[in-house]
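Reviewing the structure listed below.
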């Protein structure tokens, strides 16, 4: 009896909140720029600069990646640091505590009747899906500045591929298992690679993360300086991908270590 | 029928979308505060972040603008959607994954210590009473 | 004329340095070496101060402008007349009190002596700092440092009683300190300056008289608490829990004198006689002092514990000085200044006697000290001399200052306060002479005395030399100052010089 | 089907899901609905025109949902914890 | 050498960042190497911060560092003027001392390689976040740094004592709401002006001050910063977080993690919004009221507890109220008082938490009733405790007094005596609960706890813990005596030009 009373209270509160905020928001909405028109201050100042000369300056067709990796590259660096940090915190909080006793490795082949999550259908389809995801991830990584895509998506996709292999208990159980510490180290290497690409221009007289001043290819002609931007963005994308992949694998490894999938 | 849709669309454009976003934000914040179960709090937190992200993206919209990928020669700023909110919101989404990840890790740790993730049972003996 | 010199700063610095050295090396080195640090520091400081006296007499003021302590305000020390009087007293008596406390502490086997001597040194440093400070912020810094330094001394025995009296002491002093702090900020914002200028930098008309009166009392409350004026004196008797040299220091040299000195600075150098009188602050002060003088003497009579009686007598004597200041005439201010000197020497003699009696015979109640003069003739002689001085007997230091205050009251045309002063002198007799009678009375309970029981009693006829010598010296100085006020350091001339400065020559004839 | 209407509908759906999660009883059900929520969020971003953001939301939505499911399994698996609330 | 000189602003942040990222890798080979890289990295960042401050003082005008080589409104830039030069140096010093301070704690718990390396990287990340928060000139970049500070804060609290995860979870919830409110605030600003660079925002906002968009953004920013600063009504997470955090990381969490958002609030509300406008005066009154209630609430609550950390946590709520009051006063001396209080309170609170950590390390004392006669065995810790306590109360020779002096000066100049009365009342309340602790320390009966560890070194604590204690004592005293040189030399020009224009 007690709990559905509290649920009614919860529902009542919810309705009150919705009505109250709804009426308030109607008034607030009036001041905000109407959606869709192009001459609001938000769309007219810095944004137009990005659109008009993103391609010229950073040689990347996808303006969002240009803004993300080049104009505001510093933000993305600390974005990857946020991810790396969250993996670090997960490791610190969960590592080595309440380990689930490793269940004996059952060879699923003989155990016909186990309604295990794996089984042959899953195994067959799994063998096709994983390579496709991997290729797609790599594609997304290297086409970040031309079509959609970028470091985060690529890293996450590759981690998904690994995840599929890790979760579905197929016959070749636990073949490619990465220990969580190594995953964390991979992640830190990725982030460090990003920092290195930032530091390199500093030796060549540029500011931090200034791709025009990347030290290699000094012999390039003037107009190809812009190509350095592409190199810079690519290096960043690789760094981000490696870091994101390491982070996601590390988090999931730590967590999988603690759960048993035996039902 | 069509002028009804016309009027509705104008209302939505002017303030309808903002109203709905702010309602989603309020519901999510209410969920975070009122929900007893810590896991649900985390879900509501994620929803709150999604509503803020969407709120940012609505600024960038332009009628008739295409995706901010300059396939051919760049004609004019009108043609493309404003890329800046998109870049910012990529960061915000990644940050929301970070915080959710940390939240879940803490949740598991709380489960080990207290054996439950019901707020009243935890604060009953530990958290708030001190 | 003003000369820039480092001597005032060095005086304060030596005491602080001594405190630091004692704290750092106290436990590691032998006790004699630690005492040596204190004594050398005391000697150096006294030497420095006495060397500055001739210049001050000649009229040139030494200033040491250390560094800007707050935006637009500098930590500045200045040797003007009034400051030098207090500094000489404090500097001079530090040597004697440290010799005395070495004897007392050794005789009484006190615990954690390093902390004791370090706090002692910081106390004296802040007393000298208070004496020589040139503006309100430096004054306030040293004032609060004095509170902090005396707190460990008050709670020296670390038992329940000490904890309670320490709390009481802190409550009084910190609350008044914070009000003083607000008043200083208000004055600095309103008048733009914090410098002590003889005759005061607040013009009578510049604020509503009500607000100025509130400001006056917020500023003086710090001094009133430390000087133990009646409504705010609660902490002084309860601070008797501390060992006797501490109460000697507290009630004769440092704390109470700092309180009175704060009153002098505020009334004469911040508000100045005209505006103090205009906002009727000084008249209220006169009445407060008068009431305190009478009440404290009555209470003192009923105290059986010797130190408690001396404490209430201190409250009474200090209200003399407060009365002297708040009468706002050149004579009474000079008298008040000189009474600081006189009372310091007289009261410290009385406290030293009390301490000597306590250490040698373990007695602290007056009724138990029948016929003590048989055993401790010299201590009792000094005690009698000092108590006569306190009562204002001619040829004693007390008489000179009381006479000046009387003269000031006469000139200011306030006969009622003259009557109060004379009555107080008589009352002083009533609570000190019975003690002397008991000393020299029949020794019916002498039998109990000569086995010299009581913890730490000495077989010898009188107190240990280390305690006896300072006792005699201060009594003799008190007598000398009584006969020739200008002996030695011309303290009387300096007092007159300061008073002249404040009242712009020859007394301010305020509207009756 | 004008875009703004579509956005409005999707937003209303999201609000409904949020309410369902808050009021819902079973935890596992809430997680499944949460996966739906991130799907609709991805749709909303594509409708608004933010393709990049939609792509990231899709990928990160799947990973966080997987993470939620694993968390529930590891919480439910240990000690009997009645799922009343 | 000149190459290094013109990269200083970014080097201050890059060094700890590289330290953090390398720490897991290096500690894979040798467990102590990771710790040492982080400590050296933080030390080098102090050196850069000092050089940077000297450069700002000598050249007299702010350093603008364009990240990625793009001009400000387009790219992100770091702006280092007198004001945040001091704050960055403060953060660098306290992070270095805390990193040094936490090395003996490892041996105490005999934790494995991952935990030791992980702890140090989280500490360095916290330092990176705080350094970034105080030096960035871009609004959204500030959000990212705020997230880094927050998540490393969650981590450091979660590895704390038994109730660490619960406190960390509550902090996660409130911290995320705070960050989202801040993001909402920037959203409104971006909708109104179109840029994210702070200097650009400032001059585009001059005309718009009364538009409702700006009012809403200011409200959201107040809530966002209020939660991060643990200002009174929004401080729910703070007491638990500060009492149960990891004893070695507590000084940094309590010392600077709640102060730098206060500095960022100053940056936003004084440099970007023009503070004379009617709207802002309303908000400042609101902040003033919150600050006043917070001061009294914090001091009164601190009286009730006996656990040392809880008392310090609640007194922090009071002290943050001082800083908010400085902003609410708003004139020259008010802001000087607020900034000086940020710097001095950071040192004082870090000092007090160093002593609490030292007590836990040596005797495992949590409760102040067990403090009896501890000063005989731990003289340096008791000295720090006494000096920091006296400075917190605001007694003259120490730093706390002078920040109170400027606050009182500003309050009286502005003419509201209510703030002055609260200042006085709170320092008296502070006196009560700090002298209560000192009474127990010096006069309590002998503590029943004997030493947890066999006495190795001649001193009372390993040198890594003694050094931070002594630096804090020196800082509090020197800051007290020589604060005029900081105010005149560094802060005055910046405040007149940037803050009060």
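For reference, chains read A, B, C, D and E in written order, and residue numbers begin at 1 within each chain.
Keep this in mind: a residue touches a chain if its C-beta (ideal position, glycine included) is under 8 Å from a C-beta of that chain, and two chains touch if they have at least 3 such contacts.
Since the structure is predicted, the reported quantities are computational estimates derived from the model, not experimental observations.
Of all chains shown, the one whose average CA position lies nearest the global CA mean is E. Per-chain CA centroids place chain A at a distance of 18 Å from chain D. With centres defined as mean CA coordinates, chain E is found 44 Å away from chain C. With centres set at the average Cα position, the gap from chain A to chain C is 75 Å. For the pair chain B and chain C, the distance between mean C-alpha positions equals 71 Å. The set of chain D residues that touch two or more partner chains comprises 4, 15, 19, 22, 51-52, 56, 60, 63, 67, 71, 74, 78, 85. Within chain A, the positions touching two or more other chains are listed as 6, 10, 14, 18, 28, 32-33, 35-36, 40, 42-43, 46-47, 50, 62, 64, 71-72, 75, 79, 82, 85-86, 89, 93, 98, 148, 150, 152, 251, 255, 258. Under the contact definition stated at the top, the residues of chain E that touch 2 or more other chains are 140, 144, 147, 151, 154-155, 158, 165, 190-191, 196. Per the contact rule defined earlier, chains pair up in contact as A-B, A-D, A-E, B-D, B-E, C-E.
Residues 5, 8-9, 12-13, 16-17, 20-21, 23-24, 27-28, 30-31, 34-37, 39-40, 42-44, 46-47, 50-51, 53-54, 57-58, 60-61, 65-67, 69, 81, 85-86, 89-90, 93-94, 96-97, 100-101, 104, 107-108, 111-112, 115-118 of chain B are the ones touching chain D in the complex.
Contact residues on chain D toward chain A in their complex (touch as defined above): 4, 15, 19, 22-23, 25, 51-52, 55-56, 59-60, 62-63, 66-67, 70-71, 73-74, 77-78, 84-85.
Chain contact summary for the complex, chain A toward chain D: residues 3, 6-7, 10-11, 14, 18, 35-36, 62, 64-65, 98, 100, 148-150, 152-153, 156-157, 159-160, 163, 167, 248, 251-252, 255-256, 258-261.
The touching residues of chain C, counted against chain E in their complex, run 67-73, 75, 137, 140-141, 143-145, 148, 152, 155, 158, 162-163, 166-167, 170, 174-175, 178-179, 181-182, 185-186, 188-189.
Those residues of chain A that touch chain B in the complex are listed here as 6, 10, 13-14, 17-18, 20-22, 24-26, 28-30, 32-38, 40, 42-43, 46-48, 50-52, 54-55, 61-64, 66-68, 71-72, 75-76, 79, 82-83, 85-87, 89-90, 93-94, 97-98, 147-148, 150, 152, 251, 254-255, 258.
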